Amino acid sequence: MRKLLDKVRQPRPLMSNTSHSDSPSMRKPRSDSDNPVSHDEPDSLDLSLKENLQRIRAIFAESNDVVTREFKIGAKDHLDAFIVFISGLVNETSVNSSLIYPLMTMERNLDDQSAIVLIRESGLSLTNVKTSHSFEDVVNAILSGDTVLFIDNSKIALIASLKKSEKRSVTEPVTESVVRGPREGFVEDIGTNISLLRRKIKNPALKFSSMNIGKQTQTQVCVAYIKGIAKDEVVEEVKLRLNRIDTDAILESGYIEAYIEDDPFNLFPTVGNTEKPDIVSAKLLEGRVAILVDGTPFVLTVPYLFIEAFQNSEDYYTRPYYATFIRWLRWLAFFLATFAPALYVAITTYHQEFLPPALLISIAATQEGTPFPMMVEALLMQILFEILREAGVRLPKPVGSAVSIVGALVIGDAAISAGLVGAPMVVITALTAISSFLVPSLTDVGALSRFFLIFAAGVSGLYGIVLVFISALTHQVSLRSLGAPYMSPMAPSTLSDLKDVFIRAPLWFLRTRPRVLGGNNQQRQKSNLKPTPPDDQKGTK
Amino acid sequence: MLEAGRITSRQLILLLVSSRILIGLTYSPALKQVSSPQDTWLILLLTFPLHVILATPVYFLAKKFPHQTVIQYSQTIAGKAGKVAGALLLCYLIHQLAINLALFSLFVTSVSMPTTPILFISLSLLLACAFASHRGVEVICRLGELFTPIIIIAIITITLLLTKDMQFKLLQPVLEKGIFPVLGVSFLTLSRTYELIEMAMLFPYLNQRSKVKSVYLFVPLIVALIFTMMAISLLTIFGTGAVSRMFPYLSMVREVHVGNIIERIESIHMAIWILGGFLKFSLHYYVIVLGLGQLINLQNYKPLILPTGAILASLSVLVAPSLVELLAFQATSANFIYNTLFIYVFPLLLLLLAIIQKKGVRSP
Amino acid sequence: MKKYLLFSLCFLLLANLLTGCWDKRELNTLAIVQAIGIDLTEDGLVSLSVQILKPSELKGGGGKAVWVVTSTGETIFDAIRNASLQTDRRLFHPHNKVIVVGEETAKKGLKPLLDFLTRDAESRGLTYVFVAKGKALDILKGEHEQEKNPAQALEHLADTSGLASNLPKRTLKDLFMVLGSKTSSPVLPGLKILTKNDEGTTKKMLVLDNTAVFKHDQLVGWFTHEESRGVLWVLNEVHTGTIVVNSPLAEDKYVSLEISQTATRLKPEITENKLSITIEVKEEGNLGEQMSDVNLTTPENFSELEKRQTAAIRDDIMTAVTKAQAWGVDLFGFGEEFHRQYPQEWPELEKEWDTLFPEIEVNLEVSAHLIRAGLTSTPLKSEPTE
């Protein structure tokens, strides 16, 4: 809250300079007679409508998107009033029809002090109306797209929500497409995102607690969790870490991620992100905490474990056998994406005896005339591939395809026929490239560690690779994500949780939540859900 | 408290198992010490009951002093003398680690990287181990949990791949020279089990006190079973000719050939060796620095890591002028007595003293 | 702390890089050795021939895929290193498939030559060993029609020779198993060069021929294919092959019986200072072929064939055993069998083994069965069965 105060206070000196002449005179008598507190609380609204209007105008000086509209309330007795809003954030038709029109045509007597109550109770045909005494609230409300109504002789303003926001419609996310499963994805608008989650989990225990982070952006950040499933300590810790953030701007959930990680110097992601409500729901139901950030479709989930990179929402929507197979493929692909080039370099320059004779001869034949050492060749090809990948992602679509054609020709064909690199190296690079996309959340880890490993392999063969591998693993097992060991349930091992790591056991078997996440509420379902044939058919089997 | 981490019994068992089997896996010393090599499997099987009997002092000491490591309770029991004894014990452990480190790098350079300096191999591994011991007991145990199943599965796979070449008649004649040489070598083999000291150093960090017994029993059992399996596969493949191999298990792995597809899998042995070596030395290293920290009452053992590493690296070069001399030293009876003194006699004396002085928790 | 550790690790790796990466061998600096041949020169030096592969020639080049380098030295290792005066690349042994020992060299004993092959980390136990009839160098220069790579041809020859089961197949490891025993003697397959005149060009083709018989590690003579079969029977190494017998109904015509299942057990026995060993052979076979046109697929004829089959096996084994006993070479591991069965008596027997072995009484128990008769029941133009 302190941050908010700072922001509101800032324009004040400006205002006091400009309205120096009349404001003290107008203020003094009223504040003395009426409400002595107003002196002590400079933040509270003034009784005088004019004073308020001036203050608002001063705050929003030089912003011509802020609209102040003065009018008179009531058809018979005229009470002075004005509304403030930011054009573009507000649905002006609704402002006309459900705010200005009913007020202007009000028939009631509005003389007394309770005018504001009367207006609120019977003057406005709106669902979401709040009252406020403080300028801070009012300014925040205006900035976030609400319409504020000031009336004469009242220290209370009405805040009406008549937002019009520019929203993308809910579409299938580009980053996580599925064959089977819901096609909806989060959008930039946090309200829509919350509603998407609410629609999945219809339980009052699903809590959303909001806060605004960012001195300049005042971005709404919302912590979602299921009370009773998520560990209370984890929820508290998340809130604590979020409250600690004191920065200018939160433009994407990545900003939040950077501030709440357990270990800042860490190659591996310890905060998960996804664009899909079904995935977030599943994670919430496992006992995780989600962090929604306004303005981005990427929702963060914590704690994030290493194995989550290998789990995919579709694993649970398809039958377990193929899901298990695919999961093994992902492990294999991650292994290949990280180690294949390094192993190739190590084996062909240090341990040729491990190759089957026929393979050795084939590789040796292609390597006869190449100019570079194996390690240099591998590094070159990897850098070339990373350049092509980045170009393909960033360039406009039409140019992108040109890049891929040129790249394919340069890497694939010309390099070999010019005798610059051996053909097996191209195969390895391609294999690595394809494999690295099977485990999307570890693509960056794979790409970086590949370079390390190739270097280690070129310098001391398999020994170097294994050393780098064990050092990395030492680092990995010492990591934590919001207190949960990053490598669990493998290390430290929880045998009962391995049912969803290397295999995806049938859903009726996944009886308990991951132990490292769930608090006291371990049981996910009844224990006898294994489907059986109806009783009368049992004998025939 | 120098170490706040807590470990599970499963982690400790796995870690100690791979730590124990490692050197035997490559150098197979028992095979080379017995006069009737075809009985090696029996020797190794017998180590289990013998170990359980000989190691009882450690078990009872752990019961009596549930919150103390061997370094700590030796001070509780014997005061200043205990401190001196603890210091000697640590020197012994440092010496052993240096020897094993030398064995490690000598093997790597013998079979794979002949022109690489030995110091490079031991120093780089030692650095990785230093990193692990810096991260504390929990991390080392978790690594054990990850690597040991890989190691055990690899050993079993190798055995399965070789079954078609095994000739079980090569195990005959059983007990050709009688039971006594066999028992003798069982004791010799046990004298290399300094993991017992490591066990005594780590018991206080178990998260469940009741699991002390299962660690105490399962470690020698699993070790004996794995060793027996290895010995049987070695003997049924090479017969007594296995004795003449410097690295019998490696030679055996090189014999694997299944249908021209699965062959040349020595890399698996190499991977086991490096992974296992890393585990073994990390644990050992950690135990040394932890013990040192406890001996001189430090708040934090971490500043000790690099100095200890420097001592270890230089010592590992000094203890091994050549592989032949190192192996010969290990086979001497002086070495047997030296080992036994620290591994079995020292805890026994401590236990006797504790009973006489009525120190520690009364056993139920 | 962590920084120091990382720093020192990087420093180590860099140090390695700067000192030129110990043990690094790029593929195009390796001469892949496919076969080595060992001969001794007249003045007792080792003359080592290595067959080196030319990978690009093998993969589609027109020229010869291998070339042979001969170098001499006082030891094998010495000779290998001396070869680097002729090869521009470092000799690389792990893919060596074949070791050929010259006949004269084998007569002087194998043990001194083979130590290097187990001590060196680069050579492998699964390499096949042959004895050349003549010089090993000539064998390495031989060719093969099927394969561009003669060593590969030799490797495959050793495998396929199992179809005939009249030559042993020995790897370095098998050889060492036998040489490790104080009483047993090994056998090795022989290799010779067949000079063939093919449309004007002379081709030297590789052929497997006969079995070299050793006394301990010294070559003492050669066994014919039939005698070798006998040895293989005892060693339980006959897996398939043919037994040719005379047809029961047409004595001048031959019948081939295919061996399909075999099992041999040795039962040593010591009775009243007399050693005897019982060789139990169980065999199952099929009727593979007959050159007569009589109907053999009757129970009577089958049992007659079985008798003849049994007799043929007995003959093979007896010839081999008699010859081995005459030469005093324990090719069958009888000594080891006694060792296993009579560990107490063994130390005594071991000392006397050279005199005891020829005296061992060998009993044969052969039981051979015919199970199948192929896809033909009665041959064409056969006389109707009565």
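Here the chain labels run A, B and C in written order, and each chain numbers its own residues starting at 1.
Keep in mind that, in the parts below, a residue touches a chain if its C-beta (ideal position, glycine included) is under 8 Å from a C-beta of that chain, and two chains touch if they have at least 3 such contacts.
As the structure is a computational prediction, the values presented were derived from the model and not from experiment.
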Query raised in the report: Which neighbours does subunit A have in common with subunit B?
Result: C
Query raised in the report: Just by CA atoms, which chain is the most central one?
Result: B
Query raised in the report: Using mean CA coordinates as chain centres, what's the subunit A-subunit B distance in Å?
Result: 48
Query raised in the report: In whole angstrom, how far does the Cα centroid of subunit B sit from the Cα centroid of subunit C?
Result: 41
Query raised in the report: What whole-Å value do you get for the distance between subunit A and subunit C if each is reduced to the mean of its CA atoms?
Result: 69
Report summary line: Each of the following residues of subunit B touches two or more other chains, namely 112-113, 116, 120, 124, 128, 131, 263-264
Report summary line: Within subunit C, the set of residues that touch 2 or more other chains is 9, 13, 16, 22-23, 94, 124
Report task. Give me the residues of subunit A that touch two or more other chains. Result -> 350, 353, 460-461, 467, 471
Query - Of subunit B, residues touching subunit C in the complex - result: 110-117, 120, 123-124, 127-128, 130-131, 134, 169, 172-173, 176, 238-241, 244-245, 251, 254-255, 257, 263-264, 302, 305-306
Query - Footprint of subunit C on subunit A - complex, ascending - result: 348-350, 352-353, 357, 360-365, 367-370, 373-374, 455-456, 458-461, 464, 467, 471
Report task. Would you pull the subunit B residues touching subunit A in the complex into a rising list? Result -> 8, 10-11, 108, 112-113, 116, 120-121, 124-125, 128, 131-132, 135-136, 138-139, 141-143, 145-146, 260, 263-267, 270-271, 274-275, 278
Report summary line: Listed in rising order, the residues of subunit A that touch subunit B in the complex are 350-351, 353-356, 460-463, 466-467, 470-471, 473-475, 477-478, 485, 487, 490-493
Report summary line: Counting only contacts in the complex, subunit C reaches subunit B at residues 1-2, 4-5, 8-9, 12-13, 15-16, 22-23, 94, 118, 121, 124-126, 173, 176-177, 180, 339-341, 343, 346
